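As written, the chains take the letters A, B, C and D, and residue 1 is the first residue of each chain.
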Amino acid sequence: MAGFSIHSGSFSGYTFDAMRHAEIPFEWATAAFFLAFAGFAAKAGVVPLHVWLPEAHPAAPSNVSSLMSGVMLKTAIYGIVRVTFDLIHIFPWWWGAAVLTLGLISAVLGVLYALMQHDLKRLLAYHSVENIGIILIGIGLAMIFKSFDLPLLAALSLIAGLYHTMNHAMFKGLLFMGAGSVLHVTGERNMEEMGGLIHRMPWTAALFLIGCVSIAALPPFNGFVSEWLTFQAFLLSPSLPNSLIRLLIPMGAALLALTGALAAACFVKAFGVTFLGHWRGHHNPHAHEANWPMRAGMIMSALACLGLGILPTVFIDWMDIIAEQFTGTTIALSASAYGWMWLTPVSYERASYSGTIVFIGILVVVLAAYLLLHVRPGAIRRVPIWDCGFEKINHRMQYNATSFSMPIRRIFGYLFRIKEETELSPQPGHKAFPKKIHYHLSIRDRFWGWLYKPIVEASFWLSRKVGKLQQGRIQAYLIYSFVTIIILLVFLR
Amino acid sequence: MSVIPYLIELLQVIILLALAPAFIGWVRMLKCWMQGRSSAGLFQPYRDLSKLFAKDVVLAENASWIFRFTPYLVFGTAVLAGGIIPILSVDLPLAPTADVIVIVALFAIARFFTALAGMDIGTAFGGMGSSREMMIASLAEPAMLMAIFTVSLTNKSTSLSQIVHVIYSGQTLLRPSLAFAFLAFVLIALAETGRIPVDNPATHLELTMVHEAMILEYSGRHLALVEWASMMKLFLFVMLGIAAYAPWGIAARGSFTAVPLALAFMIFKLGAVGVGIVLIETGLAKMRLFRLTEFLGAAFLLATLGMLSFFILD
Amino acid sequence: MDLQTAAQINSFLAALVLLTAFGMLVQKRIYGLIHLFAWQGLFLSMNTAIVGFVADKHHLYISSVLTLSLKVVLLPYILHVLIHRLKIHKEVETVVNIPMTMLIGIALVIFSYHLTAPVRELSTLITRSTLAIAMATVMIGLLMMITRKHAVTQIIGFLALENGLFFAATSATYGMPLVVELGVALDVLIAAFIFGIFFFHIHTTFDSLDVEQMARLKEADSDE
Amino acid sequence: MSNRWPVSRRPIPMNSSIMLLVLLGVPLIGSVVLAFTGDRKFAPEINIAGSAATFAAGLGLAVEVYLQGPMLAGSKFFFVDAFNVYLAVLTSFVSMTTAIFSRRYMRSEREHGRVGHRRMRFYHAMFQLFIFAMLLCLLTNNVGVLWIAMELATLSTVLLVSLYRTPTAIEAAWKYFILCGVGIAQALFGTVLLYFAAEKVLGEGGEALLWTNLNGVSGSLEPTVLSLAFVFLMVGYGTKVGLVPLHNWLPDAHSEGPTPISAVLSGLLLNIALYALVRCKVLVDGSTHTHHAGDIMMGFGILSILAAAFSLLRQKDIKRMFSYSSIEHMGIATFAFGLGGPIATFGALLHMLVHSLAKSAIFFTVGHASQMHRTQEMEKIKGLFRGNPLVGWGLMFGVLAIVGMPPFGIFTSEFLILTATIKDAPLWTPLLLLGLGVAFAALLRRLQPMVSGEVPPNQQPMKVAHVPVMLHMTLVLIIGLYIPAFLNQWFHTAAELLK
């Protein structure tokens, strides 16, 4: 919030109008922007200011946390947009670049951390970090386009961001409610202790599944629409004058794609481990379906997800007012130019998407196949699990959250602080078959170690290194000259 | 608005359904020849499918509705994608429904639910299969999109028909960017359709299988649908590649006169691609799971190089 | 051959050079490296010849032939012989974290493109757009020298870097004056012989060509 | 007097200069001859004679330039002005004295069987070749040729560094080879860019790479390209100058090779590289009309001074210590050139001169000292006053000179530079002073125990070469006491040229 103090310090009055019309020297503007941004970002939980988020959410009761991620993050976004586009309406492109970069980092790291969680609500909380990242990507792009004075594109990406904000409110609320009802009936937050709930609470399962599909950005639900719009915005970057960002932005698209895919993986895990398979816990649960009001809430937001997914043009027409106010143009003309069914952000030739038809198409084909295959009543025999002819399997053999995320953990391992220890108590006789094996795994978010331990340590370490430039390895020396070149080149450009 | 495009649309879907098994059969046949075995013939897949359809379904006790719903969904997405990708003609009524990104997403849906189905029964193999599948997918998808972005950047559109149009109109002779992107696409297609060296479609060996592990518990019509869908997926990836990189022969206008020619072209290309796949599969061995990062990393590198050289050189 | 095709072939060769550079960056086997290096040299000399033809600068033919004989035939041959003599042809080097290296490489490509953007604005040559590639090749050569621990591979990195320079000379300008080019070639040759001698010294003294061992001269421990 | 030394930027073309021919020819021929006869008894004498002739020629050339001003020769291939001719004289002089010194030194090395026949031949041949390369660097008019000669200088010394074939020696040589190779490669890239910019103005072909032409049109060269080029030239030649953080090869190479080589490396090669750097800087500043190049050089300079000074504190090896001090002094000179302006440039030129004199003198004494004790460890070197007065006092005065005590020449130059700094860039002054102070303390605290004290048992007396040390120290002293008028004029002209 210090940003505002600078604002109001540099000119009088807290009213937005006053700020809007005030002339600010550039340095002050920059300082103000970044302070304000930091303030809001901390609120929204942008990496590396996100650490409070996964701590706070699980602590709070479900409805509160759904409100938190639903509303509070939104206010933060509102603040950022308001300050940048409305108060400081003229800014250099690298502000946008900074926002974009932060967004990308938050998105990727957020989803990765989420993937490592086995506490349902922490997982969702980390996903809020990811989604904030995606929203910021949209906003950052909008800023870049605006600073290069391409209002149409700016409007497009701004709307992508805002649309995702709305979507996030919907499906994240849905997911938190689902998680809440699961918590309520099982009294568990640890996924490792769950499983097979789909048989006990079909409604919750189905609705939670809708939430998963939407947040994993799969058509025809809403998550996909905003992500698709963001991709389109990315792909329009070649029309930027600056060669460097023209080159860099598509990389961002790749990162966004990575985020989407990882999110899908993450929610396969979340849903699969929680609702599918066998019950993993020790005490046998007497779980029952969630009560009606809870279900009603979930159903409504689920419907909202679907609606936002298949009728984007309608909602975008509403949003255009904002876009017009901030960037000076609307995309509605082009967006719904080909009827309410087709979403064509820039032009018909460029790209088009119709959630409606995708939805209906899938529906039709599925029904057709189903009916065709059921003209002849095929009896369904229920049998014990075959499992490749594997003998006497039990529920402890199935994959759980930790084992599911293991491959990805191994690939991106260097991003986490992982402590793995296996202790086995060997039984006398044959060493090969120990009596029991204890496997303990702890995964910590690196940023604690990176930022929140006092930086003094780092500087101290450096001071000791002063004399040690000359440490013998020729590679190091080569690195010196390499880095020197890079720095000088940067200095001169 | 003439009716012909709709007919072509229909024809195209039918061809997709009809030819996908034949293509698999062709690949298997070539493979047998390469390895000096006597092949089961071009039409074996049809026989398999019809047999499976005839059989009854045997379902595990604790299978939920997801398990039963998945095959239909997978099948549905494949068919829908088949209606969108220009196989015979560019001028399709469904074409504007979805661009490349959406198509990738459609395959993603199928994968999502297959993975869930894999976890549904709660066996070790199922979980293993879905976990690996999602891992591979999460690495393959960025590379895939990069490869496709390169194309859509060079052609200024993400809608496939439009891409084909542009390639027809413009002269794109010897573009390094497209070459790179194409290489990347090949690698990714291998990964996505679960061929060697990423996955071995023919194995049921516990530790090597990925896709098979997820659908282990299926039987009867469910299995038939899943199998058929995966055949179509391979077919569609080939078509996607053709449309994006070598569309010559696809009819530019919706008229029946052009269709037979397009069909001939398509079958010829399919044959060629089949040979390519077989060469790759007999040339390489299946990789360890964690060597895949390098494999897909290479794909990503190629795609990115493609994009860079689009900016730098073209 | 009209300018357009020439330009396209030129840029395509440029892409190939870049690709070989990346290949060397991740190639583990020594022979593989040498072959890649030879290929790069081949592309270079082809490129030089084409540029020479288009711009009809006849001294470029000479330097093209020089490249061919020196970097495609002679140096790889020398390296082959050395490796065979030193019996290290089976060694497979451990390269740390290949994906990371790739990413850095890509970053370098972007960076050099960004740097050379103004240059290509004001150049009129058909080859101008390849300057970025040349610079990137230089950088990647340096990166390779940094990442490798083996004396031979370091040298190969050095030579790749030299290739990049040569490529720059032909792409930014239509080749340096002949005197300079000859001199450069001479220097490369001498360097080749010197490192030949060096391999033997190192190998006899440390009985391995791992550079890691040569870290005795340092300040780090001199104050304990 | 002052009507002499016309400060004309347009050098008068002159068909050929016999002096120039001798200056370059003798070392080349010498190296060929010595390649075959290098291990005979009279080889050192040949070596000395050759370098003496070179020196004579250098003087002659200097006189010619002194009388007629800058000149071109060999169809514009060579270019001589006050700046490079004074360096040429310096180079040939120091190489001569080094040859004299190496006569005794190598002889005793040989008696102790550290080098054999082949290596003696090799050593002498390479020594001459090295001199040739350096002179070519100085006198050529062609940027490309300058680069080639620089590379040649590197290559010819690489194997000299590894002459003793000890593991450390080979390691040092390898690092020297690789790092300088890479650095030089960067410089070539810079040269290419330079040519790229130049051919736009001067047309293609050799013309576009001649200093004389470039300086003429520096104003109209494309600034962006030149600034790019300068970065690469800076890093490239900066590596050879041994500027931090590109210096890492220097202490190793200078401490592991035979002492005469250390002397010429520290005393001369660094100067040559700096010469190239300064020429480029003038060009670039002329083109970009900014002071970026200068700023960069100042930054490197200060960095080198500080880093070197602090590493001086922790040295145990005597030759290593003095090579660090070379880094420090090169840093000072670079800083001064970067600072620009008449006083600073004057100081820098003077500094190059006196530093190379003093430093090579120090290395001579150090070489003898370490030969007497069979070690380079400073703890083990003691009682030089008693053991061998000349070495002891020589080292004493040398160190006093190098730390910039009056009345030696280095005090003068450093004083000039310091005043210029206070005037033009006051903010840098404290850093500069800090560096100088630390270096001062570090060197003196090492000096005292070595020279004084009893003669340790491990020290055996030996015949040492008196002439070079004395010669150098007297010169440094003289320059410190008063700068001869012609020298004064000389530097002023050079400073003019470098504006």
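As a convention for this text, a residue touches a chain if its C-beta (ideal position, glycine included) is under 8 Å from a C-beta of that chain, and two chains touch if they have at least 3 such contacts.
Bear in mind that the values here come from a model prediction, so they are computed numbers and not experimental data.
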item: Chain whose Cα centroid lies nearest the overall Cα centroid; value: C
item: Top chain pair, ranked by number of contacting C-beta pairs; value: A-B
item: Whole-Å gap between the CA centroids of subunit A and subunit B; value: 28
item: Length of the line joining the C-alpha centres of subunit B and subunit C, rounded to whole Å; value: 39
item: Distance from the mean Cα position of subunit D to that of subunit B, given in whole angstrom; value: 68
item: Inter-centroid spacing, subunit D versus subunit A (mean Cα positions, whole Å); value: 60
item: Contacts with two or more other chains, residues of subunit D listed in rising order; value: 174-175, 178, 182, 186, 228, 251, 311, 314
item: Two or more partner chains touched - positions in subunit C; value: 110, 113, 115, 142, 145, 154, 211, 214-217, 219, 223
item: Residue list for subunit B, restricted to those that touch at least two other chains; value: 293, 304, 308, 311
item: Every chain pair in contact, whichever chains are involved; value: A-B, A-C, A-D, B-C, C-D
item: Contact set on subunit D toward subunit C in their complex; value: 142, 144-145, 147-148, 151-152, 155, 158-159, 162, 165-168, 170-175, 177-178, 181-182, 185-186, 188-189, 191-193, 195-196, 199-200, 204-206, 208-209, 222, 224-225, 228, 251-252, 255-256, 311, 314-316
item: Subunit C to subunit A touching residues, read off their complex; value: 110-111, 113-115, 117, 139, 142-143, 145-149, 154, 211-212, 214-220, 223
item: Sites on subunit A touched by subunit D in the complex; value: 466-467, 469-470, 474, 476-478, 480-481, 484-485, 488-489, 491-492
item: Subunit B - residues contacting subunit A, complex; value: 53, 56-62, 64-66, 72-73, 75-77, 79-80, 83, 94, 96-99, 101-102, 105-106, 108-109, 111-112, 115-116, 118-128, 130-132, 134-135, 137-146, 149, 152-153, 156-159, 162, 204, 206, 216-217, 220-221, 225, 289-290, 293, 300, 304, 307-308, 311
item: Interface residues, subunit C side, partner subunit D - complex; value: 115-116, 118-119, 122-123, 135, 138, 142, 145, 151, 154, 158, 161-162, 164-165, 168-169, 172-174, 176-177, 179-180, 183-184, 186-187, 190-191, 194-195, 197-198, 201-202, 205-206, 211, 214-217, 219, 222-223
